[in-house]
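Report on the following structure.
Note that the chains take the letters A, B, C and D in the order they are written out, and that residue 1 is the start of every chain.
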């Protein structure tokens, strides 16, 4: 965990079982943030399902993570410990504050890039769920400057545009490409702005939504739109994208149908 | 359901359990159309299988729908309630009149775009089955103006050409891209004309046939033709398509073999 | 079956249970060719496996067929009745003479295009097994005139070149694209010549080999080579293919390893 | 096995059960190198898993091989007998010296190209595991001269560049494309140099690593990078690759997370 601003000095980012060096130089057990209390078990189940669905749908592989805002406290969020998303179970779900400090690590490791989640929740009160992926078809858009645009109604949520976050520009130096500090998380959240999706150059993307079903839907159809847009651009230099007005209307209509794929996807990962 | 022309005033489109506002302003239980009687159970089984086959074959995902004309009454058709096609079972099949009013909703929701089906059945007496998809490889053809053409004998049924329905032109305004009214359904049916397939710009396609095996076959090989045509066009600017005369003959010959893939596909989805 | 040249008059091509009109006008039971006797059960098992492997490997779908020369009589061959290859079992295997007359149809239908097999066996004594496919990645090569060439050692067997059979040229007229007569089968065999593979414009391809393991191997790696060659051509206009001398040597070496994938493939389809 | 330099004359390369012709002309039982003793059973289990993971991930098909340096003796390595990687079990693992002589063949055949492994282990003491593949998306890069470059942080290990080994240049003549001699293995190791990956023109690639989890990770993301790079190049002629400094840092960071996909992958192949 990261403790800058909490105790006034930085001792780095720890995965788990962290300790702090006190003024006297003695090791102190770290004070974790207080829990917001147990989250709704149905929400946790959905969070587990979201991880597995995104693997099943080809968006995540052995990497990537999904979080959801705590239902009892908007200043906390829930996310798996640092394991492959396909392996996530209820017991792996941890609670974080918006500085991305784990509430109760109990020896469980945290994703290095958890600041993506915390920093977005800070500045986007409308966002209840966040996904970070290496979504394959999306990667080429992040490294070519070709804008990802909504090709069909299923990806209408891309209508506000899809910016590309370049970590080299944000940090002003060569990095290891990982959003491993609060400052980088803030910069990424700023690139995202009010939009649904932001690409990360040479890395992947981040998708946000008002719920787990919505953020999963958006993750799946961002990948699909990228694949189909590349195919369309190969067919012709003259591709018709959705008009923003069409896209806004389509987004609203499609939003009313999210339960349909969600019910299917959830069943597929829970009966396996 | 949609009641324009039935009671002379429009109160909108309801999914299920609709009520009407009577002259006195009191809520009245809605009068549903009379049933054509129970459909052939084998036809219903085939309709369930068709939904699942099209998922198995990569044509449908969590969206899309398949209908079949009622075997006892050509002015009625059968289609699942509004759920993901992979989850459709016999109990989900509903009966509709050609205005796409459900006969016996019993609380079951209807697909918003059911008018695609009803309006095509009205003007194409030869059509006994209709599929609406977001068939992935087909989407790029709908947004580029590149005509989909039959590349090999399996997709010879495309020989009459594949028009693109643009809902913005048809409606004269920006829509949510959905064929959610009888008028839009009629416009789509008009674009389809006497053909087998019509693309929908920024949305998907509609395929028709004389039977469920045929419409499923056509849906599968429309997707396949789109994929292979894109590959051929990437290889060379000089692609040989089937001559219309070849295509007509091939279509007739292939029609005699539909039972072969149908038997396979049906077995794959029923033994799973 | 087709009886021209056998009884001096043509009564068409029948799938099964055929009858002949005798001189007196009475229906006569048709005289089938005599059987070469029971084939080696291990060969029949391999033929069943070959059908299923080619589906598993993405070469065949609901269509296509595989044959093997009879082990007791080189003037006979074995092939499934007309069903989807994935469903073929031992009981579906039929015996044909080289005119592609079934020896013992017992009501079982024959593939319309069985003449592909019989006519190749006639002119290629070295060939012991034949496959006909609609191998997806191969189709674009058959309609663009872009020559399929060996990209890597696994497809070295393509070194003699891969001609394209155009049925319109061969027949001198518009056809239904099917090799449904002995004459068309002969023309196709002539296009194939001494080679391993021939493409069929707007249709698919035919692969031959000295054994079922070899013809299956060649079918799989013809599909793979087509896919990779298209990718290489998209990357660069300057693709290095195998030199014919390299290819000849590689083909010989790889031939010594066929048992490796065959053992794997056979196990995958028999333990499912 | 290959006996040049051991007994002073070459009698060729034998798969198993080899015999030598003694001075008297009598057949002598061959003297195999002494064993380094039993390897760590956990290492052998990982080696079996690595074979199966690489098939599951689409890197290997019926061909290709994986080896690991012996944990008790750096001058020996372990690799399966000559079978399809998907079928490898503990009992198939054989021990080799760095001349690629099997220690205890017991009738088990060796991969013809085992010299790839032995010769790399000789000159790269840092390397503990080697993979040889026909990784599909990589093949086109090996035949076009288009350099494979790291597109995203997962494939940062490509930062030193990916040379192409041309066996025709190395041997000075037309070969069967196989690295079937120690000399060709040495030439390949020289092309590889200090890097992580070397492509083989018209054949495949070789990947090295400090452990089985790392070499498997690198094999998977070399394939993935090739696929995504081809897509990016199709989208735009202006692709941003990782800066070498970014890549070095990313490689180091990602190296700390290898356990995550490895745990997933291993579980997938052992619970099947």
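As a working rule, a contact is a pair of C-beta atoms (placed from the backbone, for glycine too) under 8 Å apart; a residue touches a chain by one contact, two chains touch by 3 or more.
It should be emphasised that the depicted structure is a prediction, and the values quoted were computed from it without experimental measurement.
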Common touching chains of subunit D and subunit A:
none
Is the contact between copies subunit B and subunit C built from the same residues on both sides or from different ones, judged by whether over half of the numbers are shared?
different
Nearest 5 degrees, what's the C-alpha rotation angle taking subunit A to subunit B?
90
Subunit C to subunit D, mean C-alpha position gap in Å, rounds to 36
Report, in whole Å, the distance between the mean C-alpha point of subunit A and the mean C-alpha point of subunit C.
51
Would you mind listing the residues of subunit C that make contact with two or more other chains?
234
Touching residues (chain side subunit C, partner subunit B) in the complex
61-63, 82-84, 86-87, 112, 134, 136-137, 139-146, 168, 174-178, 180, 201-204, 230, 233-234
Give the list of subunit A residues in touch with subunit B in this complex.
151-154, 156, 224, 227-228, 231-232, 234-236, 238-243, 245-246, 249-250, 252-253, 257, 260-261, 263-265, 267
